[in-house]
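Here the chain labels run A, B and C in written order, and each chain numbers its own residues starting at 1.
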Amino acid sequence: METEKINFLKTYLSLYIDHNTVLKELENPNSDYVVLDVRNAPAQIKGDQIKGARALAAKDLAQNLDSLDQSKTYVVYDWTAGTTLGKMALMILLSNGFKAFELSSALEGWKGMHLPTEPVPA
Amino acid sequence: METEKINFLKTYLSLYIDHNTVLKELENPNSDYVVLDVRNAPAQIKGDQIKGARALAAKDLAQNLDSLDQSKTYVVYDWTAGTTLGKMALMILLSNGFKAFELSSALEGWKGMHLPTEPVPA
Amino acid sequence: METEKINFLKTYLSLYIDHNTVLKELENPNSDYVVLDVRNAPAQIKGDQIKGARALAAKDLAQNLDSLDQSKTYVVYDWTAGTTLGKMALMILLSNGFKAFELSSALEGWKGMHLPTEPVPA
């Protein structure tokens, strides 16, 4: 049973990337990381986003895969970690051969740690 | 590793149902869906519930399976997605041959989207 | 598919321990349970902790395993269940042969139920 638990945790954790790693990538002008805001909400509801994020709603992701770059690593996030939207976006990306992670703790955790955000572009 | 991640996500996501699907079912008078409020709390603490939900606390679920209908599809929810109560209820239902899902984002997400609720009947 | 879902849930739930069980252990002077606060934050940010918890940040855990006791059962918690820190700590403990669980609903759930906390020792 312990092996099963450890394997489960290993796979679970391999889906996530932590905010420190993402922050370092965002500060590196040559980074291959792209942060995708996959919230299914209009700009005025979203308000703020992670600084430098690109908006691509989870509901539109499957139809817009050709606008993505296979050489990049995508980091997806939703409002909170309690939703399944981030995992849905992640499954679409991984199933289509993209390198991708979900941001641990989602936007809520990012804001809670006072990391850089910006208003969602109109 | 990617296949393992994708299979993990596929199984994880197959446990959940999203609020839009549930909302449509609640509006359909011939729906086979039944929403179960599995919170382990007295009515006065619970306050509001999802409109039309039936209260059946997770702690009482295993003893009350004969009050459920094998032809229905059950949607369980707890306060938030951060608890394990919904998954516990889901495991009991699936293990006993019921069709069942956990509501993605739980009651917190439902309220956050201003979807219909009602006071818990006394 | 149902078997796969049930096995997934079984493994998932086996990682967690609920607050009632932990509370009973904390009240038992001969308990083998030790609660570990694995938050990666300085004491003044942490504020309160679960009464009787020992602070051992997730980031320092791997380097401090020899300060732990193989005969104990460790219960780890982070701020909320939405983070991956608890699962990371849990994986380190299980991989090194310790008996360990993550506290269901994390510190947020514990406080939400008004269970005993105390100021983090300076």
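To be clear about the criterion, a residue touches a chain if its C-beta (ideal position, glycine included) is under 8 Å from a C-beta of that chain, and two chains touch if they have at least 3 such contacts.
A quick map from chain label to UniProt name: A, B, C = Rhodanese domain-containing protein.
Given the structure is predicted, the values throughout are model-derived calculations rather than measurements.
Asks: Mind checking the rotation angle between the two copies, subunit A and subunit C? C-alpha superposition, nearest 5 degrees is fine.
Replies: 120
Asks: Please decide if copies subunit B and subunit C contact each other with the same set of residue positions, more than half shared, or with different positions, and reply same or different.
Replies: different
Asks: Subunit B to subunit C: how many Å between their CA centres?
Replies: Here the centre of subunit C sits 26 Å away from the centre of subunit B.
Asks: Touching at least two other chains at once: which residues of subunit C meet that condition?
Replies: 12, 80-82
Asks: Okay, in this complex, where on subunit C does subunit A touch?
Replies: Residues in contact with subunit A: 11-12, 14-15, 80-84, 87-88, 90-91, 94-95.
Asks: Residues of subunit B touching subunit A in their complex?
Replies: So the residues of subunit B in touch with subunit A come to 1-2, 4-6, 8-10, 12-13, 16, 18, 80-82, 104-106, 108-109.
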